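Structure below; questions to follow.
Chains: A, B, C, D, E and F, in written order; residue numbering restarts at 1 for each.
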Amino acid sequence: MTFPDYVKSAYEDIKSMKIRGAGRIAIHAVKTLRMYISEMPEKINSENMKKIIRVAKFLNSSRPTAISLKNSLRFVLRYSYREENYSSDLLKRCDMFIETAKTSLEKIGNIAEERIKDGDTILTHCNSNAAISGIIKAHEKGKNIKVINTESRPAFQGRITSRVLAEKGLDVTMIVDSAVRYHIPDVDIVMVGADTITSNGVVINKIGTSQVAAFAHEARRPFLVCAETYKISPETLIGNLVSIEERPSNEVIPDDIKPDGLKVSNPVFDATPPEYITGIVTEIGLISPHSVYYVMKEKMGDIEDILRIGI
Amino acid sequence: MTFPDYVKSAYEDIKSMKIRGAGRIAIHAVKTLRMYISEMPEKINSENMKKIIRVAKFLNSSRPTAISLKNSLRFVLRYSYREENYSSDLLKRCDMFIETAKTSLEKIGNIAEERIKDGDTILTHCNSNAAISGIIKAHEKGKNIKVINTESRPAFQGRITSRVLAEKGLDVTMIVDSAVRYHIPDVDIVMVGADTITSNGVVINKIGTSQVAAFAHEARRPFLVCAETYKISPETLIGNLVSIEERPSNEVIPDDIKPDGLKVSNPVFDATPPEYITGIVTEIGLISPHSVYYVMKEKMGDIEDILRIGI
Amino acid sequence: MTFPDYVKSAYEDIKSMKIRGAGRIAIHAVKTLRMYISEMPEKINSENMKKIIRVAKFLNSSRPTAISLKNSLRFVLRYSYREENYSSDLLKRCDMFIETAKTSLEKIGNIAEERIKDGDTILTHCNSNAAISGIIKAHEKGKNIKVINTESRPAFQGRITSRVLAEKGLDVTMIVDSAVRYHIPDVDIVMVGADTITSNGVVINKIGTSQVAAFAHEARRPFLVCAETYKISPETLIGNLVSIEERPSNEVIPDDIKPDGLKVSNPVFDATPPEYITGIVTEIGLISPHSVYYVMKEKMGDIEDILRIGI
Amino acid sequence: MTFPDYVKSAYEDIKSMKIRGAGRIAIHAVKTLRMYISEMPEKINSENMKKIIRVAKFLNSSRPTAISLKNSLRFVLRYSYREENYSSDLLKRCDMFIETAKTSLEKIGNIAEERIKDGDTILTHCNSNAAISGIIKAHEKGKNIKVINTESRPAFQGRITSRVLAEKGLDVTMIVDSAVRYHIPDVDIVMVGADTITSNGVVINKIGTSQVAAFAHEARRPFLVCAETYKISPETLIGNLVSIEERPSNEVIPDDIKPDGLKVSNPVFDATPPEYITGIVTEIGLISPHSVYYVMKEKMGDIEDILRIGI
Amino acid sequence: MTFPDYVKSAYEDIKSMKIRGAGRIAIHAVKTLRMYISEMPEKINSENMKKIIRVAKFLNSSRPTAISLKNSLRFVLRYSYREENYSSDLLKRCDMFIETAKTSLEKIGNIAEERIKDGDTILTHCNSNAAISGIIKAHEKGKNIKVINTESRPAFQGRITSRVLAEKGLDVTMIVDSAVRYHIPDVDIVMVGADTITSNGVVINKIGTSQVAAFAHEARRPFLVCAETYKISPETLIGNLVSIEERPSNEVIPDDIKPDGLKVSNPVFDATPPEYITGIVTEIGLISPHSVYYVMKEKMGDIEDILRIGI
Amino acid sequence: MTFPDYVKSAYEDIKSMKIRGAGRIAIHAVKTLRMYISEMPEKINSENMKKIIRVAKFLNSSRPTAISLKNSLRFVLRYSYREENYSSDLLKRCDMFIETAKTSLEKIGNIAEERIKDGDTILTHCNSNAAISGIIKAHEKGKNIKVINTESRPAFQGRITSRVLAEKGLDVTMIVDSAVRYHIPDVDIVMVGADTITSNGVVINKIGTSQVAAFAHEARRPFLVCAETYKISPETLIGNLVSIEERPSNEVIPDDIKPDGLKVSNPVFDATPPEYITGIVTEIGLISPHSVYYVMKEKMGDIEDILRIGI
């Protein structure tokens, strides 16, 4: 099967990381699929549906580990197994997804902002737009707040967080990842992002997130995860363990000073269990991590739907 | 008061860090004091005792935060308040201290080695001679073991640990400090050192130690602290909080990339509570952290003795 | 806009606390709104819908912090944003709410009663009708039970609980709030009420409730919250922290004996986290506190619905 | 009322335990009810519906404590209270139930298998087909795994588990029930079955299950419950405590060596709280135990539906 | 046996509560016994020792539940079982006890003061001189601190604490006992007193103390007990449970409003386990609660000594 | 070296298990050594001391894993390294040990009895004389108590406990080891014995003991270990892990029904950490498990003493 040029070009743009960021990838893919659907007749026969699905799978293959991409296509094609399908319905689902995805960050920021009280010290780990948007809003609203952020070894993403917040005039203090337990008695609330959320409420995020969560719990501090619902992984419903990438050793120790024989383990994520999570701030509201299965089903359908689409 | 040249030169050698390392500093100071005492008549009158104490205080001032230095002098002068004092007794206490200090590391290593079973994976943090001596002995005895060690930001002391162990042919894996909770299910035992031990059983050690301890506890793994008894701080008996030094920000982030206005907090130690410590391996054996007061009193006397000496 | 007299009078009755109690307020408001709706033509145009909503908002303003009032109006107006609305549908929702609200306490009592075994000792805090209805039913069924109840400082609501239960012939023992941990080893089950329940499963209730919950958890005793589903707060979904009123200092210490300069903090509620809650007994059954989001959405709609109605 | 012969014979087959096993009982009852419904006219009037319900209740009475039997009939009759009912709808629900029940074990095994990593040691308790199906699949897929299983006193069901697994060539080690905490540091994941699951996420299963769960939690090991959704008990929604049978003393100690006056308590099940459960593997996916209320409602309706049917 | 008038009068003064307070009672008793001993010849024969012991027992009987009284006499008579006893030794022990007891509170205050940092908020419960002496010292040293204190129902001893601190110009906030968990996230350190300390490290103190300790632990705040070593109970070494007095019901609810049949339980103390205690501040220093046995033995002898004296 | 006949015969009697039980073995060995010492001249030269030590080592080799045997000989020879030794001193130490050992059980029983309140239910595991002596005393004193005891697989030692207690007329209920967590909410106190106690407060005892301790802790019930101080192992001070014997598989499953290829792991002991132990009841009183090092040193000397004797 050959794909229209705009489909191929979207595929390339995502693959080459010209388009990057969980939200932007998903929106770009859905816009591309929308264009393809818009060329179909109103009543979509089974052959045309197959074509649509093939386009969706092709787009998905541009970045097969991006959970947002997968989920955007699942959302659009949620009812594609039905005998009767209309392009207007599919286009409406495309528009719903795009509209929601565009405003999610804003909504999450607004909800997170509400949880920050005047005088609070907020701790964050790594560099998550969702997590820091509420912090910035609170600052802009005139709340007198402080931020502690980790440097986030090995790639030092915390330096980006520090810079963004410092440039906006916030009172930011950077610490090493080992100093979280030392500082947490002075912290009022913790806010982090998420890479993936599993069907049983576990949050997969930057290595060290589960450490921060454990200390927040040990010192009875609220720990909020800020994430769009498209971070929820239906794969985990069918038992898949989220695979955690091992990155190169030279991120941890430069090759030239690495002793002979030394091994390095450099996992990019870890898993935070739901008992350490006060709540997940999503665009549909602040929910318990144990509500994830219900939200997943509302958005992307049940296990049969997901297996049927095959993305 | 003027001091003999060998006293002044010992003071300089310690102050300038020509002599360094908790054990070596303490031994050097006691040897110096011993020389001074050996020049005294057998029966020491109160004026001579005052001189001895003044020399001790001068030596102590070469490195006033070194707990081993303080404690070595306290050990020697434990009974100096008595009305009758004999130089032979004092010399004997000097010799006892030196003898013990010289063999402590060996003894601690032997005990720690006994706790490592064939096939074990040991995790260590930072770079402690006491903690790794048992690991090396276990390897040399032919036990088939693996080591995981943290890089120990900000100063990367873990790189020294990695190198030392790798050069001896051990199977070592380095990880970032954020990855301890991720790896701990594969760890059989944790061994770390101590900078200072308080009268109520808290261990002050390299930043991040208490994080490692918390995860060992959370996953039901034994957590052993390896330390000479001269790390026990009698100051804490009188309520002193061990003061934790803040080190320069450029250890965490180079000045040239540090955003304007960004603060950095860089504490060098943190505090591990006794409930996370399975035992402390000392030269007198493996003890509970809650036995510290008893050991302190046996070695250095009670609160009155310590206040009386005034070091 | 002017409102009919019966609307104004309902507003006054609620505002003046002539009508009081979460359930009674809600029912009265819905009955009033029902009367207003019943005067409308079957097909409700957008202008009429605006009028209905204005009446609802006016009624709500009589007691803006009463969660049951808010939620009753949200329930009735759940689908008011639709283009087509019929008065018969709205009246049906009014009747559903009233019917449910009237029988909720009875149903909650029946379920709670099932959880009490012959020979049990039940502990309760403050004075909640929902919490004690099951206890009374168990007694009336002939179960041989004992009750321990706290005095519930500062307002001594526990005295009401004691009197109600003692008058019905139950074996009741009153204790001070400080004695809960002392007595809990002799308790078989704890039952309390709720003022508000958040979207992530936290229960806001009389100050001290979270203390009782913590001790029940520490001693492995079941802790049940008894509450109608209209206690669930959709505001918390959008991040609102339930604001906790500070009451006058003279409830804690009479003005005449209060030393100069002494401050008093007298918060009326505290927050019990879901991990200390075995289950919430509602009129729809015994559920996990982590199921609250699902129930909230079934009853009152999602975040968009709630923002749209604007109550 | 007299029942057709095939109904009476199904009743007898279940009662006499000719038909046994949670799944087989449920399927047999639904097939029988299906036959009865298939003899009805398409449009079912209220008299016929009463007859159908009477047959369902009769079938249910053959094994009134079998939760799968109850739930299968509830599933089929979920909408029977509606004014209009059609036999085709009912027959479809029968077929849906049968189809699902037949494939549940297979699906659960597939999901559980995904959670087992090469090199893992799995611990299981008692003898649950659902729990061991994933283990066997992992072995058949060539994963190199080990199993530890408890003997499961008093009835030694662990011996069946051991035999089944050993015969398939797995590396199995049997231990006494008292040795779980001793061995759990060497275990990577725990998998058990369930007898009943309550509306607030508690798992009722073979005595000792909650002990295993507590140790898995204490040592931070994942604890998975494998069970079909028909194990969820709607009775618990209305407060029923799952009654736990006391079995004869001679299962614990033979009568001939039992000392005079010795009592024996021999409960067949215990209760595992949701905080010790990582997830429940069902045929609809891996879910949090706190999602049970939502699943229950989707499958069998709400509290009113269940009370209305009266099974 | 008849006792000298000064002995009888001391007995009366303690019994009638003319002399009150743990420290003052003990000192008064020892001074009285000292006078009696001073009338003895230097070498004390067994008949005279019996007389001394009889006087000690008589003094002890003036307030048989006062642990400080018992322990003061045990301290003095620690070696009375020896064959040779000299009045000068006994007088020296009297003087040692008196000297120590007089300065204990001062020493405890000094140590506790060291633990308070500038800017800290300290929470205290009930009214303990030992606990508040450090707080006052910190204030007097110019540290900028805040205090939260509970009202301490039923007898409102917290009002005394509030008044004492407010009069000295401290920033004090009073709360009800139920509000401790609510406020503890804003607390930096907790300091309380002790009535009795057991041989295995349990602290018996005013009802509610263990509640405060549990919340300090839950929120990772240090919890210090301030108490003289004469609060350690050797009785507990021989298994005695510290008996906890039940006080009159009208302390909890006035008789005139007490409903018929209502029972009241009003225990005066509760028990705080050592795992919730960071340390005990005594006149000999800050120790672990697990060091109590060692201190007890140093001060009052072992189980045989205590049984031998028979007080 | 040849030994006197009575030494050889004592060796045989212990080796052949004619003499058995921790206490009886130790007393027999000390009595034998006493006889040997009594034949020595008052002033013991170094040659004679060597002979005595050789006899001690020979006696020890009759049962090299019996901790009581080792410790009895260490107690007697505690000061044998001194330059001057007198037979009268050694004989006195023999007598002290024998006297203490004979009365230990009685003393432990008395202390444990004090901890049992009228109306209590006590749970015990396996069959320990020390643990049940307090229970029997409480019963004989007329306290109205109940006992729950585990069967203690695989060897069913619980049946002995059940029989002993039932024959004395106690109200005893036997349960399987898996039912401890189920029954513990009805238990007031747990009492067990100990095989060995380590220098850092860990109790090694019959497999399953640590499980019982974990459940007592989880439900906030006191957990007492009853054991003579000669159960404390000085070996553990030098790092030795108490080796835990694996017993034959046919204790768990008879050979004739054991499937081919099935492995069995049958460890005889497990390790209970000090945080689960309320106290250890010894003949010298009720102490914290964290006081063990101090007691060990008082009784058997420090690490140097123990290494010097070489037993």
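FYI, a contact is a pair of C-beta atoms (placed from the backbone, for glycine too) under 8 Å apart; a residue touches a chain by one contact, two chains touch by 3 or more.
What you are looking at is a predicted structure, and each value in this text was computed from that prediction instead of being measured.
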| item | value |
| --- | --- |
| Partner chains shared by chain A and chain F (touch criterion as defined above) | B, C, D, E |
| Pair in A-D, C-E or A-B that repeats C-D, with over half of contact pairs matching by residue number | A-D |
| Computed distance of Cα centres, chain F from chain D, in Å | 45 |
| Between chain D and chain B, distance of the C-alpha-averaged centres to the nearest whole Å | 57 |
| Where chain E and chain F are represented by their mean Cα positions, the distance between them in whole Å | 36 |
| Residue list for chain D, restricted to those that touch at least two other chains | 218, 275, 288, 290-291, 294 |
| Chain contact topology (line, ring, star, complete or other) | other |
| Residue ranges of chain E in contact with chain A within the complex | 184-185, 188, 218-221 |
| Complex contacts: residues of chain B adjacent to chain A | 148, 150-154, 159, 162-163, 166-167, 169, 171-183, 207-208, 210-211, 214-215, 218, 252-253, 257, 259-267, 270 |
| Residue numbers on chain B that touch chain F, as the complex places them | 110-115, 117, 275, 278-279, 281, 284-288, 290-291, 294-295 |
| Footprint of chain B on chain F - complex, ascending | 198-201, 236-241, 273-275, 288-294, 302-303 |
